[in-house]
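Look at the two complexes coming up: subunit A is in both, with subunit B in one and subunit C in the other.
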Partner chain A sequence: MRYSANKTKSTILGWSFLIPLILYLVVFLILPIIISFFYSLTNWNGIGESYTFVGIKNYIQVLTNRILYPDFWESIWTTIKYALFSIPLSVILTLLVASILNSKIKGEKFFKTCFYIPSVTAGVAVSAIWIFLLDPTYGVVGFLNTTFDWQLNILGSEKTALPALAFISVWGGLGYNVLILLSSMKNINSQLYEACEIDGGGTISKFFHVTLPSVLPTLFFLITTSTIGAFQTFDQMYLMTGGGKGTTTIMFEIYKLYMNEYEVGTACAMSYILFLIIAFVLAIQFKLLPQSGGTSVFSRKEKYAKRCMRELQQEAH
Partner chain B sequence: MPRDACVNYSKKRIKVGRFFAYFFLILLAFTFIFPYVWLIFSSLKTPEDIFSRNFSILPIDSNGHIYFNFVNYVNAVQMLDLGNVFLKTFLVCTLNTILNLFLNALTGYAFARIDFKGKKIAFAIMMATMMIPGAIMTIPNVLICSKLGIIDELPVLILPFVMSVYNCFLMRQQFLSLNKELEEAAIMDGANHFKIFFSIGLPMVSPMLVVLGITTFMWNYSNFMWTVFAIPTNSDAYTLAKVLGDLISAGSNNANLYPQMLAASVLTSLPLIIIFFFLQRFIFEGISLGGVKE
Partner chain C sequence: MKIKLGKIIVVLASLTLAACGDTSSVDTINFMVYSPATQESINALKQLIASYSTSSGVKVNLITVEKENYDETFRSAVRNGKFKPDLAYIDQPLIATYAQDNIIVPVLDYIAEWDDIELSDFNQEVLSTNEYQGALYGLPLNMTASVLFYNRDLVNDANVPTTWEQWKNFSVPSQKALFEGIGVGGFAGWYFQAFAKNAGGDIYNSETNQATFNTFQCREAAQFLKDIYRNDTDYLIHSSSNPFLNGDCLFKIGSSFDIGNILKQKPQFNLGVALMPSQSGEEHYSVMGGENLVITNVSKNKDKAADLLHFLLQEENNSLLSSFTGNFPAITEYAQTEDARLQIVLDQLEYVVARPVVPNWIKINDNYLGKAIEDILDYETNRDITDALSWAEQAANTLLG
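Up next is the complex of A and B:
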């Protein structure tokens, strides 16, 4: 009897601790999702009181009407290109820098601090720095243009604007990624390296047989979070190119529809489409990318490393 | 003898490898430092020298002397009313951080320390919401905020950010990793959970509170996209990021604003970089806990 009374009491207590969370999730997650889904089925312009229920017309129009929404498919393609520029570059640089920093290098702290500074600079200021550096008349690029008589206009050309934005985002995020990967590298059992060494493995074989398989889960985490980030990118386009020169991403397209065209219903519909796209891409990544040493092409190598370790221990006895 | 030769050879190879590693790191570090050096020195030039085609990294006058001129800073502060904006931004970020820490710790404590019916389901639901990418919620949240009548007002910068599911999760993990003997002793003595949360729980997780506090503050300080949608017109509610962002998006069409833009960028970056240098240890520690999000 007493036990059950206690249980009711602690249930009330527990849920009362959760009141803020519940309120928060209802007001800023569940209600917004319901409301925006409702509006995605209407032609509301965001200002007046009147709107008509149009069903899934918004979704169909966005996906098929190339006259009303000429930029939609373009923006998806742009976003994919942006992700394809930035994520591989970011992953390779992060792996390279983190493994160098992990090799007992002098000045590790100095380099870590250097690479991390952009991560503690407000994104807006990062954009400002690069707008100035890349200015074709006054910045560093301006200097190169005058000195070598070049005609570089990196942010003003269709060919270079999007890769440049991708590069700047890699620059801004490198320090954070390196620190995460480095902390995972520092947790690797040093016996694995010793085992590899005894088998005659050099730096490169240590990297492929020990380091890489051990940090795969962290690497996978970094790839998925960068993917989510890349598909939602907006600030840089708004600040540095205004969406011009082939840099209108999906989020920027949503912004234009909402703020400039007053098509709230369509903007909501597009948000849902973006959600589905991200979910789809992540599902593919979960399916295709190795997430841990055990379930992938690397498993053979990890087994090899483990065998080496066993032999090492036997030798020690 | 051949064995020695082999060792020598591999030592040499390691040395060459080291050389290239340092070379690469120093080159990369240069690309990280140079933009800041260029920004700071340029911001100290007179506007004429910024627009001059005689390039120099340092501010140098016609006699070849190095000078430091703060006219861009004065202009930027006056033009953008930076003193006022900075104060407001600082208040908003501080308030957000305090509320965020308190509410997340409270939730994390309940998930880690109180046994109650439905806890598992509540936790699973909370974790599921983490899957929804933030930017996608922008338009839905703008709509709910306009229903609440706070669009274009200061509360729109606070209310949507008073909690963060990710931080809740981290607080829970932190509580789980700590010993609960002290709390159990307090329960024996008849203290209730609210009392224990304040007197034992919060002090116990204070290292995590510092880590999450720094990152929450920094995140709020840098948050730009939300201000574009949520404070479109009311300049009384503009934050530093919004003010600088407006200047930049105007500046990229109008190079005349570069002097003010450079000075304002330095001023905007400084607070976070200062915090970073003072609290570096906590930030780096926080990253290894997974406590920092972009």
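Up next is the complex of A and C:
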């Protein structure tokens, strides 16, 4: 009887801890997901009380009507280009910087802070600084143009605006990515490096045979989050180019439809199309990219290192 | 303990429900306005509303919202907000959309009861921005017109162009650009109407049921814009921030509120203001801006909202409210200034053209007309004028049809 009362009490206590989180999930995640899907099947404009259920018409219109939605496919292509540029660049730079910081250089904390500063700086301030730096007549670029009589127009040209925004975004997120990867690198068993050294491996060999396989799960996490972030990118375009010069991404298109054109139903349909695109890309990533070095390469290396240690101990005896 | 807890929960739930409910009572109305730019203006606005409350006995909840987020906030508030607006500012091109959706109500019956203000007192072109399908859905609070700005350090007052020919052939100092341009998207579409009108055409027909972007006059206007904007040496200047304010451009288009902004940012800037040049040099057409006041359909106190509207349109009050945005009162008699530059804007207001009052005009303006003009003027895209305008016209007529 007493056991039962205690159990009930602990169950109530458990639920009381869970309820705020469950409420949060239901109110701010599950309900909006359901409601926005419902809106995507209506012609609601976000103002009036009445709307008509139109089925999948919004989805068909977005995908096929080039007159009403002339920029949809272009915005998809722009988003893909942005992702193709920013994700590899982000991964390479993160690996490079984290490896350098992991190599016990002087002033590691100072550099870590420097790289992390953009992550804690307001996006608007970052954008304002970059707009000034890239101004073709007044910023650093302006200085180069005047000094060397160049015609650099980075944000004003379709060829360079999107890569520039991708670079700025990578630069902004680098500090966070580096910290995550660095903490993963710090957890690598030092014996693995010693074993690699015994095998005659140098810095590059250690990186490719020990570091990289060991941080693969973290790297996979970073690639996944970067992919989602790249497909949902919006703020740099909104603040720095206003979507001009070939920088209208799908999120920007959704924003315009919802906020400026009062097409809530269509904007929701577009959001679900974006969701499907992201899900498809992530599915490919999960299929193709190695997700864990721990079970294959990592454990193999660890076993090898242990065997080496045993042999060394035997020789010593 | 259990009873106490239960009571507390019931009280809390009741309070929450009450807070979520409609706050309007018989003697309370909600007034939603753009947030004035300065604290001084905010205080003046609060004082004005307080004086109305004192004299009328009606409590007014003043809801100030940043202009950038205004429409979204208004829509949310009308749908399910705690403070559903009874009286509100609305941007001119949105009247048709809100009227179609039954969000705002016709106001003619309320005005009929006023003995000191008549419809003929308003600038008629500005008033027409409230007319949708034969009904009047609001009253204009303030108005402005776009005019030609010039840098007096680079342009002599006597040489300011009045015709397109003079503007096109204006002698430009080296390292400077002739014209800052008409912006992108919405701005490009909006300003283009003035050029189309000055070429003798317009961007829609008289029944406002068809777009006429691809007429000879519109193509001529687009070609003129290309001539004054596109010059290879201007490429970098046009991509920089605020080229006019930085002294790199001779001319730009702006409105009365821009005058204050320019002088606030650079008090020493030698700003000149002139009427928009036209093709013939006779009638200098321009586009208008401004805010209208509407009574919402969700209002439970429409009579009191109308009474506040009446109060706000009194000369002193209207002038004060208009001054927050740098515009002029829409009642012609009240629109006066001693500033020479603002006087040009007042003169220009005699030649303003309104945007058509049709739903979806913002989409047509921003996505089709604006995009077409943007593509025509863009150095890289360099789209053919006829191709761009015919595409925009076809797309617009799909929506209008």
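Keep this in mind: the second predicted complex is superposed on the first by the 290 of 317 C-alpha atoms of A that agree within 3 Å, B and C clash if a C-alpha of one lies under 4 Å from a C-alpha of the other, contacts with A are read in each partner's own complex, and residues count from 1 in each chain.
Heads up, the rule we're going with is that contacts are C-beta pairs under 8 Å (C-beta built on N, C-alpha and C of every residue); 3 or more make two chains touch, one makes a residue touch a chain.
Just so it is clear, the model here is predicted, and its values are computed rather than measured.
Engineer: Classify the contacts of A:Lys7 with the two partner chains as first (subunit B alone), second (subunit C alone), both, or neither.
Structural biologist: A:Lys7: touches subunit B, not subunit C.
Engineer: Touch test for A:Val124: subunit B only (first), subunit C only (second), both, or neither?
Structural biologist: First partner only.
Engineer: Could you say whether A:Gly242 touches subunit B, subunit C, both of them, or neither, answering first, second, both or neither?
Structural biologist: So A:Gly242 meets both subunit B and subunit C here.
Engineer: Per the contact definition in the header, classify A:Ile92: touching subunit B only (first), subunit C only (second), both, or neither.
Structural biologist: Touch partners of A:Ile92: none, neither subunit B nor subunit C.
Engineer: Give one of first, second, both or neither to describe whether A:Asn45 is in contact with subunit B, with subunit C, with both, or with none.
Structural biologist: In the superposed model, A:Asn45 contacts subunit C only, not subunit B.
Engineer: Is the number of subunit A residues in contact higher for subunit B or for subunit C?
Structural biologist: Result: the larger residue contact count on subunit A belongs to B.
Engineer: Looking at A:Asp135, would you say it contacts subunit B, subunit C, both, or neither? Reply first, second, both or neither.
Structural biologist: In the superposition, A:Asp135 touches subunit B and subunit C alike.
Engineer: Considering only the touch criterion stated at the top, classify A:Glu261 as touching first (subunit B), second (subunit C), both, or neither.
Structural biologist: Touch partner of A:Glu261: subunit C, not subunit B.
Engineer: Going by the contact rule set out at the top, does A:Ile198 touch subunit B (first), subunit C (second), both, or neither?
Structural biologist: neither
Engineer: Looking at A:Gly173 after the superposition, I want to know if it touches subunit B, subunit C, both of them or none. Which is it: first, second, both, neither?
Structural biologist: In the superposed model, A:Gly173 contacts subunit B only, not subunit C.
Engineer: In the superposed arrangement, what residues of subunit A touch both subunit B and subunit C?
Structural biologist: Correct list for subunit A: 131-132, 135, 137-138, 142, 155, 242, 259.
Engineer: Can you list the subunit B residues touching subunit A in their complex?
Structural biologist: 10, 13-14, 17-18, 21-22, 24-25, 28-29, 31-33, 35-36, 38-39, 42, 50-51, 53, 55, 103, 106-107, 109-110, 114-119, 122, 125-126, 129, 132-144, 147-148, 159-160, 162-163, 165, 168, 192-193, 218, 221-222, 224-225, 228-229, 232, 240-241, 244-245, 248-249, 251-253, 255, 258, 261-262, 264-265, 268-269, 272-273, 275-276, 280, 283-284, 287-288, 290, 292, 294
Engineer: How about subunit C: which of its residues touch subunit A in the complex?
Structural biologist: Within the complex, subunit C contacts subunit A at residues 71-72, 75, 78-79, 97-98, 100-103, 184-185, 235-241, 243, 246, 248, 360, 362-363, 366-367, 371, 374, 380-381, 394-395, 398-399.
Engineer: Across the complex, what residues on subunit A touch subunit B?
Structural biologist: Of all residues in subunit A, those touching subunit B are 7, 10-15, 17-18, 20-21, 24-25, 27-29, 31-33, 35-36, 39, 96-97, 100-101, 103, 105, 107, 110-125, 127-133, 135, 137-138, 140, 142-143, 146, 155, 171, 173, 176, 179-180, 183, 202-203, 225, 228-229, 231-232, 234-235, 238-242, 251, 254-255, 258-259, 264, 267-268, 271, 274-275, 278.
Engineer: Quick check on the complex: what are the subunit A residues that touch subunit C?
Structural biologist: Residues in contact with subunit C: 45-49, 67-68, 70-71, 131-132, 135-138, 142, 145, 151, 153, 155-159, 242, 244, 256, 259-262.
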